[in-house]
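Next come the structures, one after another.
Next come two complexes, and both contain chain A; in the first it sits with chain B, in the second with chain C.
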Partner chain A sequence: MLLKIAIKNLLGARLRTILNVFVTSFSFFIILLMSGMYDGMLQHAKNVTIDTEIAGGAYWHPNYDPLDPMSFEDSHSLIPNKIQSLIDKKDAFPVLVNQVSIYPGGRIMPAILKGIPPNQDIVKMPSTSLNSYKDGTIPVLIGKGMAQSTKLNVGDSFTIRWLDINRTFDANEGTVVHIMDTENFKIDMGHIWIPLNIAQSMFAMQDQATYVTYKKNLKEIADNTDWLHRDVDFLVKDMEAIIEADKPSVQVMFIILLSLAAMGIFNAQVLSIFRRGREIGTLMALGMTRLRVVALFTLEGGLNAILSAFATLIVFGPFLWYFSMSGIPLPIDYTEMGLIMAKRLIPVYSAGLIFSTMILVSIIVLIVSYLPSRKISQMKPTDALRGKAIT
Partner chain B sequence: MIIWLSLLMTLLFGQSDQLSVEEIIVAMDNNLNAKSRIMKSKMIVKGRRSTRTIESKNWVVGANKAFTEYLSPPREAGTKMLKLDDKLWTYSPQTDRVIQISGHMLRQSVMGSDMSYNDMMEDRPIQDLYNATLEGSVNMNGRKHWILYLEAKIDGLSYPKRRSWIDVEYLLPMKEELYAKSGKLLKTAAMDGVKKIQDRWFPSRFLYKDELKRNSKGTEWVIEDISFDMNIPSNRFTKAMLRK
Partner chain C sequence: MNIKNSVIKFNNVTKRFPVGGDYFIALKNIDLLLNKGEFTGLVGPSGSGKTTLLNIIGGLDSASDGNVSVLGQSLENTSHNERAKVRRKNMGFIFQSYNLLPVYSVFENVELPLILNKIDSTQRLKKVNQAIEWVGLSDKRDSRPSMLSGGECQRTAIARAIVHQPALVMADEPTANLDAENSHHIMKILTNLNRELSTSFVFATHDEKIMGYLKRIIHLEDGQIKKDQLIKNPKFS
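So, the complex of A and B:
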């Protein structure tokens, strides 16, 4: 009964309803798109990091802190037996990390040198290219970003200077054998990759490693040594933190959009109560309780939210679908800013995101519909019939 | 074969001018090292575009204790460094903090120069660190020099190999080449302006150059004033002095 009247009233209001529904559905659309973009960003960053760097997780030397290059020279030891058995089964591969100085074009630059087994297939890195070079110099694999900052091309040689385990200087020539195009700046910027056995002999750290990366879907081994297990959740924490830190600015935009939609509905409700005094009086005179009249007006407002959801689906749905299929081209390369981002960002709309956005918008719409309707409970039916509205 | 050749070289050249290789090294150490020394110097760092001059005063006792206070330019004035054995601390007045330089930081350059903290710290007598072989002699700038090839006899030296051109009269390494373990030339050092100071020959100008840097003009270190075997109070080499 109430629903019928509410729908009739909404349809009767025509332009006002259309405008309210459009503004609300636009807010709906923007919130969905932006949240979807952030989720897509995080999902993409996670996927890229897992594929190219962390696979199923890692075991770290206890002193290893990837954010502190000073820790590298004390972050190496023989690999514990149980972790070594994973490597023997080809379920994991070791990486040796150290800080070096490189001289591309005769300029000195600090770099992080990582030794990796060229034949590993656990992470998607063109490490096999390190096998292809045999001319006495150290074969080096670098990323596109590193190639740009060092102005190095494939075939270019440069000097690498390092300190071995005894803190004695050593130096040799390295030759770029491949430049990888990776979205993961963490394996690109400031990094040079060389074969593990060469790295171990350079630093006089035979059979030693800094961390061991293992395959996806492997369970943590009960290890008795002090090497630390780092799972995927731990290893993508920094990425999540970067994206979380950026969210507040977008949340401000959500608030502005929702406020606009809420103000439109609030305004429509206030106007309705002012203009529809006689109707309210008639309904009351015919026996409708004040509570039901309030419910009717709140329902009318609430129906806006439902109509908006449908309008979003119909009007903006194709846009959302298109973006989720072909992505949104990004104007700048975010990898230089330390973010793993695709050239075309593909938003991810999870059921949770759609449901939570709908609930949020509906609650706000219901609140702004109910607030002006409360005044109806203060109206006298006789005044309402005379057309005297509450001001 | 190499051992025989080097022995032959040592026999041929090692006794020349009545000095054995060991005696040359000892004489060189005696010239360069003293019980203590106080000096005022300036370091001229020649960059690609500009040149910076950094003045400092140094107090040194033996090979294990050293204290440096930077006097100019204003940006560096008040910065102090204390070396005790193999530890190094720096104090910066801007941050009012004492920081211990260790590990990889020792490889960083001092004030943007071609010298690293490690280079500054390694001033133990050469006879304790290297085995020397006389490779021959050569005339440089009209003066006779012996060429000594030095190989580390202990682990953990920054430069495991070096080649020195020792002036026969001054008994000072007028030119040095510092090599990596692989034999690659890393740095060169040269000295000139040799003066007789308190019965020893001592250079008044050093030039260090990172040979891996292309177009490097090097870093000049000019000794303006130096006095040897002075009494330096022991409290000079305490961390408390860094903040004073």
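So, the complex of A and C:
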């Protein structure tokens, strides 16, 4: 019975309902879009990292710590047999990591030198460009960001200096053979890539490696040496941590949007209760109990939310769908800010996201519908009938 | 007078309103007995307590002192819900400003008390159509209040007040917003309903036109009954 009256009230108050529903569904839309963009960013960053760096996972030398360049010196060895057999089957490739100093344009800079087999096709990196080794200098592949900070162009040469096995300095000339345009700043900033065999001979580390990256969908092998298996989840952790660091601001945004939606509904509810004091008094005079009046108004608020959910689907759904197909162009290049961001951000709406947004908003709607309605239950019918303001 | 037939019984009822730190006495030691089928008016100057008395009869407000029984049931110590139930089942209200629900059609406004009383839909259809016919609005049953004249609004309100055939209908200045012609039209409808359904009516009014229809006039002044007059032959009836 209450439901029938509530529906009648909503349908009857055409313009008011349309406005309420529009405000609420617009908030729904923004919340979904923002969260979708955030999830899309996370997803994209993860995909890029996996494609260009992680592939299926890796086996690490036990001493290797990518965040501590001092550890590189002690984190190389011959590759354990079972891992080597993956490499032989072209299911994996080894990388040798060392710390070096470079002298681009006469300046000195520390850099991480990584030796990579140029013909690997396990990660999406233009490593084949390293095959163009002609004039006796070391072919070097760098990223766009690195090129900018070193002011190096393709064809430029610079000195690479390193500590050799006898702990004396050795140096050689490197030439930039290619600048890769990668979104993954982790293979770009501070990195120089050279062919693995050159790296191995530079450091007199024949057949040695720091880590071995294997291709996607490969099972973990039972390697009984002390090399460590690192799966994708482990390897994306630091990237996720960077994005997580941004999460508080996203959450603040989320809370602001939710409050906006809540305020829209709250406003509408308070307004209707202020403006509908006489109506409430009339319902009470007709013998509706206070509890039922409260229930009626709460129900109206709830129905409002449901209508809004549908309106979001119908009115804003196409926008959400369109964005998820064609992406949202971003005005700034975030890679320079140390973020893995696409030029066009594709929002991802997970079922979990939609579900949790709906649940959350519904709970809020119920609360903000209930609170003003409860005011009524404290009102005397005679005051309500006179349209007296609620205090 | 037969107690069995009494619709309303007031026993030494006083109503005080808190005003500032003090009280304003709106009704003073009222004793009153209204019987089934009466057509009674509460008459008196503005502020004499007519509306207050009507509200206490309807259980919308409660007495500060004394006892009120409606339809044989004491309203003392009743809960809001119990009073709401008495109103829902046995009472109808007509207001000066109609108080129709603006988003409902005439039909839906009249239907509301039946919905609240959980009457099934076939019964509802029958009763609502009948009530609308009584007040002569059959051709307006799907109109919204905003499309009706004042007289039509008040007739809708009357239909709503009597559709569930209550024992008692209270009308607070029902004609105050209407012109003479509409006022007489409405009073005729109410007189007929009183005769045919023996519904009791209590009016609060200072409208001379209404007084011509009343069968009993209770004069209120400063919250007290000054005169209680039975009219043998009302001017119009």
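The rule is short, and it goes like this: the second predicted complex is superposed on the first by the 339 of 391 C-alpha atoms of A that agree within 3 Å, B and C clash if a C-alpha of one lies under 4 Å from a C-alpha of the other, contacts with A are read in each partner's own complex, and residues count from 1 in each chain.
We take it that a residue touches a chain if its C-beta (ideal position, glycine included) is under 8 Å from a C-beta of that chain, and two chains touch if they have at least 3 such contacts.
Because the structure is a prediction, the values reported are computed rather than measured.
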First (chain B), second (chain C), both or neither touched by A:G155: neither
Partner chain in contact with A:P329 - chain B first, chain C second, else both or neither: neither
Touched partner set for A:K380, first chain B, second chain C, both or neither: second
First (chain B), second (chain C), both or neither touched by A:R290: second
Touching partner for A:G105 - first (chain B), second (chain C), both, neither: first
Partner chain in contact with A:R167 - chain B first, chain C second, else both or neither: first
Partner chain(s) touched by A:P248 [first = chain B, second = chain C, both, neither]: neither
Chain B versus chain C as contact partner of A:G136, first or second or both or neither: neither
Those residues of chain A which chain B touches in one complex and chain C touches in the other: none
Touching residues on chain C, where the partner in the complex is chain A: 55, 58, 60-61, 80-81, 84-89, 91, 93, 95, 97, 99, 101-104, 108, 112-113, 115-118, 160
Interface residues, chain A side, partner chain C - complex: 1, 4-5, 8-9, 11-13, 278-279, 281-282, 284-291, 380-382, 385
Chain A residues touching chain B - in the complex, by the definition given at the top: 69-70, 72-74, 99, 101, 103, 105-108, 159, 161, 163-164, 166-172
Chain A contact footprint on chain B (complex, rising order): 103-105, 107, 118, 152, 155-160, 180-182, 184, 186, 210, 212-216
